[in-house]
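What follows is a pair of complexes built around chain A, which joins chain B in one and chain C in the other.
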Partner chain A sequence: MSTDVSRPARRGTPPPAMRQDRRVPRVFYLMVLPAVALFAVFHTLPLLTGMFFSLTNYAGYGEWSFVGLQNYVNLFGDDRIYNAYGFTFLFAIVSTIAVNIIALAVAIALNGRIRFKTGFRGIFFIPNILSILIVGYVFNYVFSNSVPAIAEALGITSLTTSILASPDTAWIGVVILSVWQAAAFNIIIYLAGLQTIPTELYEAAALDGATPWKQFTSITFPMIGAFFTINMVLSLKNFLQVFDQIISLTAGGPGTSTESISVLIYRGGFQGGEYGYQTANAVIYLFVIIAISFIQLRILQRREASF
Partner chain B sequence: MTATSQSAGRRVLADPRPDDVKQIHRPDRRQVNWWLTALVAVCAFTILIPLYLTVVTALKTPDQLGGTGFGLPTSARWQNFAEAWTLTSFPRALLNTGLVTVGAVLLTLLTNSMVAYAIARNLHRRFFKGLYLYFIAALFVPFPIIMLPVVKQTAILGLDNQLGLILLYTVYGLSFNIFVYVAYIRSIPLELEEAALTDGATTWTVFWRIIFPLLGPMNATVGILTCLWAWNDFMLPLVILSDPSAQTLPLAQFIFQGQFNTNYPVAFASYLMAMAPLLIVYIFAQRWVISGVMRGSSK
Partner chain C sequence: MKLPPGRAPRAVRYLVGGTALALVLSACATQDDVVTLNFFQFKPEAVANFNGIIDRFEAENPDIRVVQNHVPDADTAIRTLLVKDKTPDVLTLNGNGRYGELAEACVFADLSDLTVVEQVRPAVGDIIGELGSCSTGEVNAVPFSSNASGILYNRGLFAQYGVEVPTTWDELLAAAQTFEDAGVTPFYTTLKDGWTVSPAFVNLGGALQPEDFFDRLRAEGSDVAAGEVSFSKDYPEAMEKLTTLYSFGQDGAASRDYNAGNAAFGAGESAMYMQGSYAIPAIRASNPDANIGSFPYPATNSPEDTVVVSGVDVAVSVGRDTEHPEEARRFVEFLMSPEVVQQYAQEQSAFSPLTTGAETTDPALAGLAPYFDDNRIIGFIDHQLPASLPLPQYLQELALGGSVEGFLSVMDREWSKIAARTIPNEKD
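Moving on, here comes the complex of A and B:
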């Protein structure tokens, strides 16, 4: 990670060529202005109009009037909202931990003394080039038809009904699909990190009689700290937005047991006539995401600094 | 990351061919760990099994389904593909997805790199520094948060179509792309540009003739990531597109699923056809794709 990005390379004095030529900055302004304008129109403006409509009772069509903070008050007494946040967080935390453990293990194995490295690496990346929605439909078939049939043949009665059919286990199916898909990208990031570690370190450690576990905790893990941070932050952020997986596997069901925040905003906002109410939900969601990102970065940076 | 390890990392990642060639032709002096190889192979099966299931199911007749679904079809029914072809309007969806993906990748490469260049070379100016932080801050705003207003807005502007999607992928990619481009551009020495500027070249010329070609490896990374995103994305087409004739491949699968959810062989034939184009490209460009993604992460 380049930490020097935000620091000006030539503090104070601009490059000579730019100092002589006063027209240069204007060209630079021309280069960025269209992008800034489009970004403001398609990103910042919707964010602000969303905040505005969160103070109204707008249904997405027809008339609306101001209701003050009523939407926010209602949010805190809404079981469906609590349920969506509960499910999303349970899912996101379990998936983030699972995907990072699995991806790191696979990456270390792929970086080890194995044959057909390039081929295996190519296979493990395949899930990342496939549409989650489509893979989700295939997994739906596996969970509803294949797994019960296998369980029946093996006599495992607890798995003879589809895990997606029970409100208590459906979320596990969503986790499995998400981890299967997300591991691909994380493996590649960890591999990139592992390749920055000089092999001499391991040779020296082996000479000193360090066990593989000791080598992992003292060399591998500290050396890929920055990559661990990226993966944890990105995985959690992506999983908190879970949408495609839900649509293809459970459609939020059974009941509303696997309804994520994104699915709730989509359904309530577009189909339920809750436009104003769901924009209020989105505003709360934004603050939650920002708070989590800061907490996560703070914790992970402190951990990195202590090495 | 230290400067030395980063430059070592970049050498390995930015230039995959010589290293890969080396990897293959260099006799491995260390002993191969066959147990680990076998373990990795078993893990690799978990990736391939769903793909295998997709292929065999796509070839079956409905009465062959039953059981675990992993059995080979007794007789291949190619008719499934023909039915999926017409039922999902496959050629149209493929054309839409291709158009949106190519459009988004080209527009992203041409515009995002230019914006990043202007920012990277002026980070000491307060305005550009502010812009940089403005774009990066947007990384903390997931799309679902702005989804409802964006849909209203694109509908009002008449952008509820393929063009709107291209524009949105380009605009929403800015945050991340600027982040990786700026880091890369700042590693390019200024001397080249200064020499060209003193020779009378304009900043435009400097960017398009000198900097843009030098961005090759980063363009590959950004292009690959944008391509994967635009091709496979489901949420944006779902909420933005209003005309059924604009449907992209993932959206077509979703609509199809809603109408014919019990006809598994035809559905799976349709999934296979939707996944095939990118899979085929990937098989041939695998090393290039992976090294591109790796390069993005080491920035």
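Moving on, here comes the complex of A and C:
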């Protein structure tokens, strides 16, 4: 910032007419006020209360006392939490990559000149409006009963036992459900992005003899850079908070093999009577997610095409 | 718009009736001589039973009205009521570790002066006392019905293959082997629900652990590895036996849940089933003609050491700060009268916790009932574990093929960590 140049211009008092223009009418503040109040009461206040209880030994009921930062110290020695972090990040990274590849491919197909385009777009959006819990229980049934039955009939021995029943493969089931459900929203964002690309670019490229792949890597992908960024950031953030999918499919099992951090916080905090301790876990996780989203935005925005 | 004939008068009738009812109800509430007790009842399947009991109580006690409240998730509901300082006047809860936590938080009144306390089987009274109380000597709940965990068996299959009811560990293994050789599933196991492994754990662990294991473990604090007792030192035998029993399970157990297990055992798909008396109503619901028998886990080769694991399925408590302590106690005494206890036990396939006047007549429980009369019962050891230790998950991992050493070391590690991070409040 070149402060020396810009300052003198600001120093003098602006003419009265200009000051009059700058003043924001009070009605705008009044319009914002209800939202701010609701946000503060239902979001900021609970967040601060939660942060407060992370400094106590509160069990969720009864008496409690201050324990300082002891909960935070104990968190770092808890291997169950490290395991939950390991699972959550593996799941989130795999799902983010898979969902973006699939969503982009489907979006490009739905943006082409195909029949029943609007109908297909509607169909592909359906998973987004279904409740994850309900879909999860349906997938649970499919994985536990239908897939093994089909595999048995076809003689595929490796799939005759439910993938949810083995600690090594259960996470794949969670990924499949999550990607299926999350792709719908990402498709819509990519479709919106694809529609911003001027068709002249493709016409010019076609005249120059560019192959479809060349067109994709040189025109389509760079032009939807901003949409790619937002999809990557939002899906990673959502997958890091994975909860419903796991509760309905595996409940964190078999064993603790698919215990995500949110599931661990819920289990320990609400069912295990360690509200204070798991709230500390949640506070740390909040900062982890903020940091990751921030870093991700910085890196991805740098490579977006500017036009 | 023209209403169909008959419709309008009926609607009016409902309206009038509803208003009249509301008036009567409000009149009741304002009458000074009728006390309304708020009764929190946790078992959804027992609502009708308790309605019947309440009707009889109200007929005998016209000055008291009892309102039964029941919710789907009682453990959570009672906590929210406590947070709002709305403790019910009288309440039933499952006698588990969470009840113990609430009792230690001094939520329930002391009932040690009630006469029924002396009629409770001493062993059952001990089980509920061990869970916790506000201060030593207090009785914070009286047991209304008891359950028992053992091995259920299919009498038809046992007779068909000429297998006697096993009384020692070796006989149990031989029986399982006989069934397996004959192509009959010895045990139907349901590993999709991790908690269904817990009954085997509490039976084998409870019978084989050293005296006062959990008291000594608690005394060690967070230093379990260096201590005298630990899961790694004292539980290998129990866990080896548990994995042996689970190795006799059917194929595809990992994707079967508790409901599937009840239905399959009821349909005669396995000779034995490692569940307790609480599963019997569900098994009979799937097949009313299921010919069920039961026997306790023969954990060792000496039958005289065999014990039955029993928990208090329904415990009755009174809120500590209730406005109507006298009326609440009268209701509790009525609930605990032998006829009421006996009838409930029959309807719910449960055991009576009283010494007098209540025989267990259900043929499915005949194999376990004598142990009650001899006081050869122990509590559920998983009620001694902190709720934040995910025992069902670890048991599930073990039964799915995990190693015994791995299970034992993770139990020790979790126990130490929880002991280290649990910071007690100063008791006043």
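Basically, the second predicted complex is superposed on the first by the 273 of 307 C-alpha atoms of A that agree within 3 Å, B and C clash if a C-alpha of one lies under 4 Å from a C-alpha of the other, contacts with A are read in each partner's own complex, and residues count from 1 in each chain.
Everything below uses one rule, namely that a contact is a pair of C-beta atoms (placed from the backbone, for glycine too) under 8 Å apart; a residue touches a chain by one contact, two chains touch by 3 or more.
Not measured: the values here are computed from a predicted model.
*Asks:* Just from the overlay, do chain B and chain C fit on chain A, or is there a clash?
*Replies:* Chain B/chain C on chain A - fit side by side.
*Asks:* Is it chain B or chain C that touches the larger share of residues in chain A?
*Replies:* It is B that touches the greater number of chain A residues.
*Asks:* Between chain B (first) and chain C (second), which, if any, makes contact with A:L130: first, second, both or neither?
*Replies:* So A:L130 only meets chain B here.
*Asks:* Using the touch definition from the top, say if A:S218 reaches chain B (first), chain C (second), both or neither.
*Replies:* Once the two structures are laid over each other on A, A:S218 reaches no partner at all.
*Asks:* Where does A:Q70 make contact in the superposed view: on chain B (first), on chain C (second), on both, or on neither?
*Replies:* A:Q70 contacts chain C only, not chain B.
*Asks:* Does the superposition put A:N145 against chain B (first), chain C (second), both, or neither?
*Replies:* A:N145 contacts both chain B and chain C.
*Asks:* Should A:Y61 be classified as contacting the first partner (chain B), the second (chain C), both, or neither?
*Replies:* In the superposed model, A:Y61 contacts chain C only, not chain B.
*Asks:* Touching A:G253, do we find chain B (first), chain C (second), both, or neither?
*Replies:* second
*Asks:* Which holds for A:Q301: it touches chain B only (first), chain C only (second), both, or neither?
*Replies:* A:Q301 sits against neither chain B nor chain C.
*Asks:* Can you report the least C-alpha distance between chain B and chain C in the superposed arrangement, rounded to whole Å?
*Replies:* Taking the overlay as described at the top, chain B lies 5 Å from chain C at its nearest C-alpha.
*Asks:* Could you tell me which stretches of chain A are touched by chain B in one complex and by chain C in the other?
*Replies:* Looking at chain A, the two contact sets intersect at 60, 145, 270.
*Asks:* Write out the stretch or stretches of chain C touching chain A in their complex.
*Replies:* Residues 76, 79, 82-83, 101-102, 105, 191-192, 194, 252, 254-255, 386-390, 393-394, 396-397, 400, 402, 413-414, 417-418, 420-426.
*Asks:* Along chain A, where are the residues that touch chain C in the complex?
*Replies:* Spelled out, the residues of chain A in touch with chain C are 57, 59-65, 67, 70-71, 74, 77-80, 144-145, 148, 161-162, 164-167, 252-257, 259, 267-268, 270-274, 277.
*Asks:* Note which residues of chain B are touching chain A in the complex, please.
*Replies:* For chain B paired with chain A, touching residues are 1, 5-6, 8-9, 12-13, 20, 23-24, 28, 30-34, 36-37, 39-41, 43-44, 46-48, 50-51, 53-54, 57, 65, 67-70, 111-112, 114-115, 117-119, 121-125, 128-129, 131-132, 134-135, 138, 140-153, 167-168, 170-172, 174, 179, 182-183, 186, 190, 193-194, 197-198, 202-204, 207, 228, 231-232, 234-235, 239, 249-250, 253-254, 257, 264, 267-268, 271, 274-275, 278-279, 282, 286-287, 289-290, 293-295, 297-299.
*Asks:* What does chain A use to touch chain B in their complex?
*Replies:* Spelled out, the residues of chain A in touch with chain B are 1-2, 4-6, 8-12, 14-18, 21, 24-25, 27-29, 31-32, 34-36, 38-39, 41-47, 49-50, 53, 60, 106, 109-110, 112-118, 120-135, 137-139, 141-142, 145-146, 149-150, 153, 180, 184-185, 188-189, 191-193, 195-196, 198, 226-227, 230, 237, 240-241, 243-244, 247-248, 261-262, 265-266, 269-270, 275, 278-279, 282-283, 285-286, 289-290, 293.
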